[in-house]
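To start, the structure itself, in structure tokens.
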């Protein structure tokens, strides 16, 4: 019996030792999990590719320069699959910190997973750049090591109202329809508040299930409320379906602005249904942020350079998840360079003070009650337009970044 | 308001027919071999991708490609049967549940690796028809028609061909069928093959209407459970009727209550019917 | 039905494993063992209904979710400490199971399995719409909640030892159930429900009680897990896939005995951990898990422990 | 003498680890009615399952028209013309009477003569003719037994095996079944019968075997056994 | 009078399995039930033990009406039975099988008591050497003994034996008959279905014959055995057999 026990214990220890456990002393280890499987697979992959591009560029110059040490540190990644599920996030982040000796962390994709990872980062006092996580709620929970790259959910759709009041002050009826998911719901709840504050009439405020495939009757319901604008959405699949069916049902509204879906390049597979749909995006290749219009100090490549480099590396034009991934690396790099140190506290201070503009937009963090929340960056609005018989994304908002004028109203396309 | 109701009914019927087709394969397999095929959803997703790639690379209209998908499905299903089910076909339910689930893991695992979970859509615009203020896209009407055609085909197959009759005989009494000279192993494999083929067919048709990922089959699988329980086990027509009921529920209920409650309603119906009349609402027995 | 010696080696072994992270101070080990403990508890408690009674509860994760939500709600809105909140979560799950059991346990075989999937999905869809518990957005802890437990670092250790306690209690309870008159009745139901009833077993009541018992522990596990995770969402709390993983673990180790469930959970957790981080397999771990599951179902239906214990009578006593 | 249609030599088999049959030898000559008698649990049904191939044979040999069929699958044996009318009828309840009959003619051999066999079967059982479109499961026990026999005939059998055809039937129907067997015998159909109704079967049979504890304990012509006290003892007690 | 069955009728989808069956069992007696296959004997046992609801009639046990009680409560009151098609709890050992009977039947024993009780009963039926074997691994005669032991372990007042002799060889039959007699000596009332006429004639105090769901005869064993209706049911109509026999002779 004792033998059996010792064998079992031995097996257990052996099993725990499996997996590489080295970490270079002369390298900067950046740890994160990504969703190689499960429902976040595609967004997470984009984000990862952006991050990888950044690392490649940094390492081609020999790494990040750390002033106090006086030399460059190349960047290495340690990452695991979190399966888009919360189960292992904490285990893997703990492993990244304690076993893989990660110096800095990047968040997983999605707010839910980030929230679980944040506890670990906070507990071990590791700086974590949160990208792909737009929720506001993580940032009033007392964390002091988590820094958000995305514009938070509360400001995602508010600009749609600003656009509307600018182009058509008479349009006052708004239908807000959204996917019943964490992200969409928090975005739309804030949008509703903002709309009401601005004097709009919210004629419909209703959620649909994430699994919804058929919107026909829902669209009939929307039609009956005669809105001027429809805003909302959720993720890609539902947004795409919804758009397709709006077109099929020939719904006559003036503005359609949806989360996520319009920003994804595959949206163009919808053909004419995609035309004139607008949507907020964290970043677009055509966004004309430049050194000239920047409200703060510029850092890193231009939009064009980033887009081209990405296209060269992966064969297609990047979306905002990729840009978010790249930006997370870039901001971290800037913070280390500013701090001149890789000590957490120094980097943290640099991040607190940071106010820069990059190809991705302005970056500045809240240091008050919502510590770490992104306050500098704002959404750009894109619209699908026709150019030479082809569907193209144009940036129409904010005006300083626009690549084309908004085509209004939406029903012009019928 | 009247037009809203009419629209809901019409699109409910069209969607319901598709749901029905999606459930028929599950129901056939359940009825014939008493196996709940937990890889049903994975095969639906495979059907979606088959249709997508045929449209994209062979420039084949999904409404023609669907016949190819059907043929492929039969072969794939039969292979799956021999690999994963044949050995345990008489074992307790748990074994067959887990075996089919493992098939699903393999398909979805490989699918995620190869296709990623990037959403895809087949861009096929065939115009639309307007009925009393409701616009019905042609693709939807076509999927409805095709669903009916495949159901009728299955009926013809099961009731008019020797192979079909053999499958029915096997479902009623395996030993007796064997004594009549039916190769029951092949009959079971064929039944599984057809069940899988119909799942893939439904996927191929759904892909013309809705965007999808490798994970999209899961939703149809869960709906298929509801449909099978509504329509009664083993009956293809029951599945079509169950699908119609579900399609109408989804469309009509939405007019009155918040859309986000629909899935709750569906699963509550599933559990309720199972408790009250486990053989299915429309079943004779 | 001998006295059995299983607990005499199983519990000490478990305690040794639990002590490893504390002694070595290795937080990586702690996280690993935490997950092992969690899986062990889930598998051992599922085994009460699946292995002892023979009912395939496919949507068993619903009780983990219910327990998680009850506890989370109490902790976040009423400031209840983890321990009472956890017990409340367990009781909530057990009550739900008992009530549900009276209705769905009439179904046998695959119908029961489908019904439990339906229950899980229905509850998930409902919670998605209930705004007082956060609806689709879920609930978040404020980081300061961990201050009550002496800061986040201590809170995580605390949740680790709590989980260990739950695991030990679960194993002992599952073992005692198996060795009791109640357990004998359950196993009679598993082997032949009609024969059991004829012999005088009140199958209806026994099944409901077994269902409640097998829901109680997952309810507590849910409470501890989401306490540690810091947030709870319907998608994570009622994840059907995890339900099936639980069955996988029981099958892997061996149906119907405590050691089997423990071994299954252990092997599964390590296997998955290995596949996830191994550079060769990490892209394909899901497909590989599928192949392994299929091989087990086809060629080793009695599971690892079942396979071993059939070898000799002595082992039968040690591996119950 | 002609070679026997069906021959069983030294057959042993059972379920799991439990052996039921311990070396059975038996012959069914062409054109004859051969009967197997025995108490419940003597192994009659097990023997038939081994002959039709539902149960694998452990040891021994089964030959059919001189061909070794010991390891053929049941459906393969059926296609050779070895046809059993199973105990408890085993009709297909959700199929119509017509479909049940058609299923009887499933094998390639039988399909060729489907029309003639159908006419023949229906002429034997005119009552079935009136109910061709009825679901078989809704018929009475007697009618189902008729259907089962008719379905067996549809297979164009080279040997027809009856497993307890009178089980659960009212006396009048039992007689009808035996009259049918008598008629088939007159037409020269080779048959193997397992029956509990000793008198009726012995009155009809050419040759009979008595099984007990998985062994043949007695055999002889119908007349010989009819007069044997031993048979009476086995079934009625002294 | 321990058991009273009045006008019990049960149909299965149009097929009448039991039709107005009425009889009584006295305390301590052995009542044998005979009848051809399909006569409704097992259905009658199911009605008494409560496996299904009867369509009509009344069952009274020890003065208490039990018509609507579920089977487990009837078992608790002291009705135990064996099954014609044995129902061993395959993955439990022989002793555990018997303990189920002891724990949940009339005896309502604790686990420890049940174990002793089980060993005792196993010795009584001659299975003591197999106590640790899994029930699924027993052969048919052993499984019959196991059924018997399980029923006995519950300390029943009435035991229903469904063809416990079928499939046994003469040696086993006689040893089983000894067991049955020994049970009676314990004061347990026995209701037994049997095909082996000489056996049932040998042990029964009274015999009842069922044919097609009806009681056709009841009384002392020899009287029932000689009842023409019973003889016809068992052997078929002798006249008809004779006629066919003669036809054959004539042709031959």
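Think of it as A, B, C, D and E in the order they're written, each chain with its own count starting at 1.
Following the convention adopted for this analysis, a residue touches a chain if its C-beta (ideal position, glycine included) is under 8 Å from a C-beta of that chain, and two chains touch if they have at least 3 such contacts.
Note that the coordinates shown come from a computational prediction; the quantities given were computed from them, not determined experimentally.
Looking at subunit A and subunit E, the chains in contact with each of them are C. Two chain pairs are in question, C-E and A-C; the one with more C-beta pairs in contact is A-C. Chain centre most remote from that of subunit E: A (centre = mean of CA atoms). Distance between chain centres (mean CA atoms), subunit A to subunit B: 36 Å. In terms of their C-alpha centroids, the spacing between subunit B and subunit D amounts to 42 Å.
Centre-to-centre separation between subunit C and subunit D, using Cα means, comes to 54 Å. Subunit B and subunit C have Cα centroids lying 32 Å from one another. Across the assembly, subunit D contributes no residue that touches 2 or more other chains. Of all residues in subunit C, those that touch two or more other chains are 125, 128-129, 283, 285-286. In subunit B, the residues that reach two or more other chains under the touch definition are 109, 112, 258, 260, 263. Annotation, chain-chain contacts: A-B, A-C, B-C, B-D, C-E, D-E (touch as defined at the top). Those residues of subunit A whose C-beta lies close enough to touch subunit B in the complex are 36-42, 45, 180, 206-209, 211-214, 216-218, 220-221, 223-224, 236-237, 240-241, 244, 248-250, 264, 266, 269-272. Note for the complex: subunit B touches subunit A at residues 1, 3-4, 7-8, 11-12, 15, 109, 112, 116-123, 125, 128, 134-135, 137, 206, 209-213, 215-216, 219, 250-252, 254-255, 258-260, 262-263. Per the touch definition, subunit C reaches subunit B in the complex via residues 50, 56, 58, 103-104, 106-107, 109-111, 113-115, 117-119, 121-122, 125-126, 128-129, 244, 247-248, 251, 283-291, 293-294, 297-298, 301. Against subunit C, the residues of subunit A that register as touching in their complex are 1, 4-5, 8-9, 12, 15-16, 18-19, 36-37, 80-81, 83, 85-91, 94-95, 97-99, 112, 115-116, 118-119, 122-124, 137-138, 140-143, 180-182, 184-186, 207, 209-210. Taken together, the subunit B residues at the contact with subunit C in this complex read 30, 34, 36, 83-84, 87-88, 91-95, 97-99, 101-106, 108-110, 112-113, 222, 225-226, 229, 258, 260-261, 263-264, 267-268, 270-271, 274-275, 278.
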